[in-house]
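Chain nomenclature is as follows: A, B, C, D, E and F, assigned in order of appearance, with residue numbering initiated at 1 for each chain independently.
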Amino acid sequence: MMKKIEAIIRPEMLDRVKKVLEQKGCVAMTITDAKGRGEQKGITLQFRGRSMEVDTLPKIKIEMVVMDEIADAVINAIADAARTGKFGDGKIFVLPVEEAIRVRTGERSRDYP
Amino acid sequence: MMKKIEAIIRPEMLDRVKKVLEQKGCVAMTITDAKGRGEQKGITLQFRGRSMEVDTLPKIKIEMVVMDEIADAVINAIADAARTGKFGDGKIFVLPVEEAIRVRTGERSRDYP
Amino acid sequence: MMKKIEAIIRPEMLDRVKKVLEQKGCVAMTITDAKGRGEQKGITLQFRGRSMEVDTLPKIKIEMVVMDEIADAVINAIADAARTGKFGDGKIFVLPVEEAIRVRTGERSRDYP
Amino acid sequence: MLDSGDTAWILVSTALVVLMTPGVGLFYAGMVRGKNVVSMISLAFVALVVVSVQWVLVGYSLAFSSDIAGFIGNLGFLGLNGVGMGCGDLTIPELAFMAFQLAFAVITLAILTSAMAERVKISGFIVFCLLWTTLVYDPIAHWVWGGGWLAQLGALDFAGGTVVHICSGFSALAVVLVIGKRRGFGEQQMGPHNIPMTLLGVALLWFGWFGFNGGSALAANGLAANAFVVTNTSAAAGAIGWMAASWNHGQQSSLGMVSGAVAGLVAITPAAGFVGPMSALVIGAVAGVICYKAMLFRIKKNFDESLDAWAIHGVGGLWGALATGIFATAAVGGYTGLIYGNVGQFIAQIIGAVAAIVYAFTLTLILAKLVDVTIGLRVTEEEEYVGLDISQHGEEAYA
Amino acid sequence: MLDSGDTAWILVSTALVVLMTPGVGLFYAGMVRGKNVVSMISLAFVALVVVSVQWVLVGYSLAFSSDIAGFIGNLGFLGLNGVGMGCGDLTIPELAFMAFQLAFAVITLAILTSAMAERVKISGFIVFCLLWTTLVYDPIAHWVWGGGWLAQLGALDFAGGTVVHICSGFSALAVVLVIGKRRGFGEQQMGPHNIPMTLLGVALLWFGWFGFNGGSALAANGLAANAFVVTNTSAAAGAIGWMAASWNHGQQSSLGMVSGAVAGLVAITPAAGFVGPMSALVIGAVAGVICYKAMLFRIKKNFDESLDAWAIHGVGGLWGALATGIFATAAVGGYTGLIYGNVGQFIAQIIGAVAAIVYAFTLTLILAKLVDVTIGLRVTEEEEYVGLDISQHGEEAYA
Amino acid sequence: MLDSGDTAWILVSTALVVLMTPGVGLFYAGMVRGKNVVSMISLAFVALVVVSVQWVLVGYSLAFSSDIAGFIGNLGFLGLNGVGMGCGDLTIPELAFMAFQLAFAVITLAILTSAMAERVKISGFIVFCLLWTTLVYDPIAHWVWGGGWLAQLGALDFAGGTVVHICSGFSALAVVLVIGKRRGFGEQQMGPHNIPMTLLGVALLWFGWFGFNGGSALAANGLAANAFVVTNTSAAAGAIGWMAASWNHGQQSSLGMVSGAVAGLVAITPAAGFVGPMSALVIGAVAGVICYKAMLFRIKKNFDESLDAWAIHGVGGLWGALATGIFATAAVGGYTGLIYGNVGQFIAQIIGAVAAIVYAFTLTLILAKLVDVTIGLRVTEEEEYVGLDISQHGEEAYA
């Protein structure tokens, strides 16, 4: 069985997270730019006299599908590497995955992506 | 238990959706730029004599992980705020989430994100 | 019941994948730009004397929520259309979806998105 | 007799003013949403293309050939007939003078596209271009620079405060009344999609304005140098004026700063050959403040003239026209203004400005309405939603 | 004797033409995919860097020192030996003339990079640059402008229709035959990644072209003013021609409009000192139409010369060379063309154009092949897939 | 007596140098992260705005009015009093000379903003601007160009190698010592967010530098042409030098190439009116290599002066000052250097450079500290994290 790990982290922490994961042998991942807000306060911007609320800040979303067995280790590794201890450090969510297919070969599997 | 709500909406509706959610006390969310198509017709573009199909239009994807109990309320709030009644209004999908981790503290929980 | 299909493919394959899916009558989808790495080797960049690792390459993420019955057909269609047979072709993941809401009408359903 | 230095300067100045037109396009395009970027820049290019042809065929003749009743030129220069490589009374070739004036006609129209941002139909716009430049710009240019009634009255306009800025700014207001607000205006965020693009546009405008004002001396001499210096001074003062008026808890928007600079550039335009640098400091600083206030007023009135051709060019041009009548000093351009007790000049300035406002506003209202009810000036709701880049140009700005 | 006005004009014109080279880079870079942007702009800079050095060392000498057999200059000006601050027979310093010509050599090579888009190996390109500018550009420049056989024959080329545009355009075609299509061409979408970048490039090109053509008068005089005016007129007419030919249900691509403008600019280049504004309208409009048709032909033939140096510069330059022989009027430049019954001039133009096409195409074919089989002109499949920005420059355009 | 050609050339050159300031802004802004883009460009505009006003009020007077003790000008030209449309001893209007010098004062400050990238507080920066331009730039400009002690000593600086580049480059180093590294420097990636923006910036710099150096002849003559040619040559050679020194397995970063070009441009600046093109090849190539080495040194020392004003402008300017004393040839500017056995000139150059380094570095250290402890020169950690665009300007660069 597999899990999908979705980690939303600070952009400046991406390198450190990648490095830690590499050391663990987990290189496969998909990365997306995102914006988000959690418990952080919003910021008010102004555009030529009009004010605008910019309450979301840039974040990076890392998606990794991994085997059940290593999910916990991966989660902890990401959390530790991405932590600064301040608001905005992010969240990690774990979702169930039913199947994975390798496009190159067409192999389908319920186990390893 | 938690649910992940993935709402794909019109970009111009984002502000209204955010405002409505704020009023409900749901501020935590992750936002991504996307493109999509549903039942809308495609549009044909041209580039120096060659024609190109641009059949997808810009959308915003909102991702929110929320507790089971409030999922319905959040979904309805989003759907109402994002509605124009025309094609292209978008879709909301609900996925199961098994666990959430707060990076700042490392807390893991099956309940509140 | 529905499945969410997340396909991470080469950007240059998007058109072909879209065309094949259209022929199957599956037009609804959401597309995001992403970067990723799988089993590919990293590439080292340099910026004014400093070196930087750029180990991720641009990818496209296609998300489609489809009915259970056609999930397999869609997966195979994507995999076949996106295949070059070389590293970097991508992965497809299948996730469970509990519910779908059409924003335009507010209809909620566990069946068709 | 031809002077090669003067000719070099006017040719360069003309090139600089031509560059300002895509400069305006970039300035505006950075402030619209990502789905209307190609459209916004294209409007500037369309203005350049259409007016470039119209001007050599009829526009120059209407503006600059022999006067008819103080209102318009005759058709003596039709197709540039008789406009040649020689110099006539000038020290530069007639063709160089014609080209310099062409660049002004082009950019006036480009400024006006502010009012059409994110909703104009490209075919309607092209027709509007032709009508507007012929019926609004050409006559006003004739009145002021072509020996028309305002010239005879003695109204001063060194480089186009009235002809270019009042004319485009108040016409923009008229267009907005006809074309209406963008859908969702006031409800949805319609913020700038690319501020560096706008800043680049301003860089090109500031650069080009040296030709705009400096070239208006029609010679490379002390007057050109004065115009050059007051231009830079007023731009800087305008930026400071706007920044001071809008200073907000230590935050200062870059768009505010450069809008103020443009306000300063606009306001000094009519005065550049009549006032010195210290007056330019005042003119620019005041322009920064009042154009900022005009923008606030425009926002309060809920007009969707959101790229602010009216607030900056219209109001700034109006202030500049009056300021010319206030600060003009004989030491620079031979004329004196209010501060030297010359009330007559000030009154002439008021008459010139009001006449241009009334004429440009009224006629533009009619022309825009005319185009709107015939071929249509505005896109459909669906096209506006998809964006003009796709719907009007079949293109996406960014892949 | 030195004339300061002429000198000012030529120095400015040179600066303008130098700016056109990054202008070409931006023009092209906007039309490629996001992974080859740095590469595309860099090719223009490499052309600027390499030719700037080659020209002062040998290029200028090959093109402009005393004629050898009508084919090439001798080495009299090697290392700018004897090219000084004085004026010789001109009214501008020899060094200014040299610099002006340098800018032309640079941009000709920059235009040619169209053919290499998204697949050229940077090391191979650098070597190709050196060979091509020395063996293709320098001789043709000598033939036409350096007192070579075409000059003796009386073929007219005011500002480089043959030397710059035919030469680069047809060489681009030759390069494509050697380097081949991009992988996936015709199957995958390879649309423009940033249209505003392309429009900015065109803005710089249009601006710079005033120096290109206007400066070719080598003086700030009536002829320069004429060249300036016809340049602007033909650009506008070219845009209208292309727009009319490609009008599509009310949609008009901005890339079409500006491609037409560039076509008009190209076509007027050889004629700018020989025809008046009304002829320029015709030359430009026809250029817009035939370059558009040439592009359709290129697409039909499935040539991956997708930034269209051939269709726009090659075909536009060819049309311009012939048009010069058709429309030349004694009133402007002292020469007459076909419409005044001067068949001889028209024939001279045909000979000049054909000679340049044959020479440039053939030699480029050989040189490109030579580089390709030795150090290689094309990147590997893997490198092309990853993109040239990463593989050749170790950089990503956008973070 | 006024010469219209000279005047045209200086006015154009001034416009070109003014354009370089946003050019520097774009050059820098492309190299910072996406959250500090508006800030980076705004710093350049703020420099333009603040110095434009300071210069006409007091700066010009401090630098160019009658000398006091070899150190500073008096207040004779306060508020441009007595600086008029006439020419005095020059062939251009005094106001044109004043404006040309203004543009130099502006850009020197703009270059210096390198040291403040991504962490400066906008209010503190504005105050720093005023202090720095008045107390650092104005005196040094006076020493070298205003008849101060370095001028009396015979130190040569044609277009500002010492006044502009040494001054800004070493001041940047001092600022970094006060303001400190960006948070996360050395740990997090802080790569360029938009390389095409940087390349566009370089295009504008290269273009503008023709006015910078060419205009410093203060006339459109052979000397201007020489300055123009050596500028282009040295830029190209600089690019080649840097590329050669950093060549890396067939990869060549575009940023390296253009950094080398800027190094070449910097180094030739003081020499442009004293050396010929072949010397320029050497000066440029050496500049490319040593500025590259200086950058490596800066990286090794872990200084966060990451846009390299010090490595390129400071070190390049130092090399240029010395190179002027080495390669100066009587044939160009009437002075001879070391290669002609003139040791005295070389020593004068060393004195000039060292004096400027010591003065600029020390005083900047003090001024930066002063601002830092009073209103603050650096943003808070939170503001730095969010980015200066939002925290200082309330804007986001890209939507």
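The working rule: a residue touches a chain if its C-beta (ideal position, glycine included) is under 8 Å from a C-beta of that chain, and two chains touch if they have at least 3 such contacts.
Protein names from UniProt, one per chain: A, B, C = Putative nitrogen regulatory PII-like protein.
Everything numeric in this text was worked out from a predicted model, so none of it was measured.
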Exercise. Starting at chain B, figure out the least number of steps needed to reach chain F through touching chains.
Key: 2
Exercise. Between chain D and chain F, two touching copies, which fits better, same or different residues at the interface, with half of the numbers shared as the threshold?
Key: different
Exercise. Give, as an integer number of Å, the spacing between the C-alpha centres of chain B and chain A.
Key: 17
Exercise. Mind checking the centre-to-centre distance between chain B and chain D? Centres are C-alpha means, answer in whole Å.
Key: 43
Quiz item: Centre to centre, by mean C-alpha position, how many angstrom separate chain C and chain F?
Solution: 50
Quiz item: By residue number and range, which residues of chain A touch two or more other chains?
Solution: 32-33, 46-47, 95-96
Quiz item: Which residues of chain E are in contact with two or more other chains?
Solution: 3-6, 8-9, 12, 34, 189, 191-192, 194, 200, 220, 248, 251, 253, 255, 391, 394-396
Exercise. Within their complex, state which residues of chain A touch chain F.
Key: 12-16, 43-47, 54, 57-58
Quiz item: In their shared complex, at which residues does chain C touch chain A?
Solution: 3, 7-9, 32-39, 55-56, 59, 61, 75-76, 78-80, 82-96
Exercise. Using the touch rule from the top, collect the residues of chain E that touch chain F in their complex.
Key: 2-9, 11-12, 14-15, 18-19, 22-23, 25-26, 29, 37-38, 41-42, 45-46, 48-50, 52-53, 56, 79-80, 84-87, 92-96, 98-99, 102, 121-123, 194, 197, 200, 204, 220, 391-399
Exercise. Would you pull the chain D residues touching chain F in the complex into a rising list?
Key: 3-6, 8-9, 12, 16, 33-34, 191-196, 199-200, 202-203, 206-207, 210-211, 214, 219-226, 228-229, 232-233, 235-237, 239-240, 248, 250-255, 257-258, 261, 276-278, 281, 332
Self-check item: For the chain E and chain C complex, residues of the former touching the latter
Solution: 34-35, 184, 187-189, 386, 390-391, 394-396
